[in-house]
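To keep things simple, chains are lettered A, B, C and D as they appear, and every chain counts its residues starting from 1.
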Amino acid sequence: MAIRIFVTGGTFDKEYNELTGALAFKDTHLPEMLRLGRCRVDVSLRTLMMIDSLEMTEADRALIVEQCRQVPESRLLITHGTDTMVETAAALAAALHPESGKTIVLTGAMIPYAFGSSDGLFNLGSALSFVQVLPPGVYLAMNGRCFEWNRVRKNRETGVFESQ
Amino acid sequence: MAIRIFVTGGTFDKEYNELTGALAFKDTHLPEMLRLGRCRVDVSLRTLMMIDSLEMTEADRALIVEQCRQVPESRLLITHGTDTMVETAAALAAALHPESGKTIVLTGAMIPYAFGSSDGLFNLGSALSFVQVLPPGVYLAMNGRCFEWNRVRKNRETGVFESQ
Amino acid sequence: MAIRIFVTGGTFDKEYNELTGALAFKDTHLPEMLRLGRCRVDVSLRTLMMIDSLEMTEADRALIVEQCRQVPESRLLITHGTDTMVETAAALAAALHPESGKTIVLTGAMIPYAFGSSDGLFNLGSALSFVQVLPPGVYLAMNGRCFEWNRVRKNRETGVFESQ
Amino acid sequence: MAIRIFVTGGTFDKEYNELTGALAFKDTHLPEMLRLGRCRVDVSLRTLMMIDSLEMTEADRALIVEQCRQVPESRLLITHGTDTMVETAAALAAALHPESGKTIVLTGAMIPYAFGSSDGLFNLGSALSFVQVLPPGVYLAMNGRCFEWNRVRKNRETGVFESQ
């Protein structure tokens, strides 16, 4: 089963720049994470952008939607900042007709993968599993759970994704 | 959705004993791993044994089967050494009637969680996701994939689980 | 041999706040680091402040100097942000008479200890060793080397401490 | 100041072989550890052997002694298994005349560096610092302390090196 992974940045891929002392993006850690997980799923990975999701514009979202529409794969995983993951999921759900037959799962992390004690590897394993078995639709996979795009919100006090 | 996790040991939970220089079991790392993954799935965890799966006896397997039969949960995850994971899956499939309605997913790790660069967290996220959505049956979740119990083998040369 | 450790913050102790996505200070990691290093040196540790050294004021430096003067120990280690470590060392050298007989070693880190791939543990092992054997004076221990306070500068392009 | 590092193996460099489930040696982690510590000391590193120190023979020790004698550097650091570190130190002290002017520091680790929570980086920073400043002689650097070769023993109950 072929799975397309689109990388958009988010906490997942943030790194510590030791010269400036600030958090920044360099390359994605997804290939390293898939290697660490000894992943044998057939995935093709493409980085669409490397940004904080609070800075994601409508044009960025339009690009993500367009890419999801164009690729031949019917199962897609998107790594994304958690702050506006729900907005991007909504944009995807609005643009993709159900008959497109695409299963899209967005996931992210609360702690950068590079920081050692990240939830990223757990979330990646989770999202990659949900995307293989769920019926067409747009979903968020966080905290070991999977939510339909219109039934979830991020609780900003706790950092946890909740049903709504 | 309530999920029962049974811990049986395996590489997942091996630790380095710094006084003897040998690998050994102490307590399970599952609660710490679920915390790290910020898991919000409703799980109850019980340690059935802490052993290397090469040392698992028929009596041990009978105990695992009996426990799976007795618990009220219909979705179960078992952490298990990779060497005989397929045997335990077969024992479960033989003993549990399909009408029991139980979805059981076995998972493990190639590198101990305590060793920093483990595939364990990825596998746990994966198994916990598959167990929530798959229909009744006995499965193995490894390498980001999920296999029905009677269609998989561990390739001992490569350490990878393969369809057969 | 009794050693006094003063914690002042710096990159050493920075953490990632997963709710805000910013770097921040909570408690010092020094006790955990000493445990990890199985340190058996007789140390007493006190946190004087938890700040970025770019925000260290003259009043903060006066406090550090005063504390170094007052404690009975003649061997002191100070954890400190790298950006103004040299300034604090100069303040200490100016205030403490050589006949005070105190050996003071400042050290820090380029990557937060909590981020997994830190130089902090190496620097701590290094500083704690230099402070046990060097004659009275004020020193900086970074990059495995030890510099007298007035013969070193931080190269901000490379993040490396150099003789000058 | 030029420092020679001789690698002999020991817990420092043990790795987990995921196919056999056993601990084994591959390459030394010293270069990676020096990189992580952003070490700027001028070191030349050579691997003499990669063995558990319980398996070190008299011929192995003779080789180490001979190498220490031959190299031009007067400051040497040896990574070594902790179980027979004292024996090798004694062999070095017996063979090297004090007038050779060599400062030799042996160090090791209780937990393999590859296992994430190792004392190795702390010990390396410590040993590398002691070797730069101590007068000629043979020493052991463990637990943040430095011992003359004939005044130390490993307490096998606690894993701690103690004065004697």
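Here is the rule we go by: a residue touches a chain if its C-beta (ideal position, glycine included) is under 8 Å from a C-beta of that chain, and two chains touch if they have at least 3 such contacts.
This structure is a prediction, so every number in the text was calculated from the model and none was measured.
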Problem set entry | Identity of the chain that, by mean CA position, is farthest from chain C | B
Exercise. Taking each chain's centre as its mean C-alpha position, how far apart are chain A and chain D in Å?
Worked result: 45
Seminar exercise, completed: For the pair chain A and chain B, the C-alpha centroid-to-centroid distance in angstrom is 26
Exercise. Roughly how far is chain B from chain D, going centre to centre by Cα mean, in whole Å?
Worked result: 39
Seminar exercise, completed: Touching at least 2 other chains, the residues of chain D are 110, 117, 159
Seminar exercise, completed: Each pair of chains that touches is included here, namely A-B, A-C, B-D, C-D
Exercise. In the complex formed with chain C, which residues of chain A make contact?
Worked result: 11, 16, 18-19, 21, 23, 52, 110-112, 114-117, 156-159
Problem set entry | Residues on chain A engaged by chain B in the complex (per definition of touch) | 33-34, 36-41, 110, 117-119, 121-130, 132-134, 141-146, 159-161
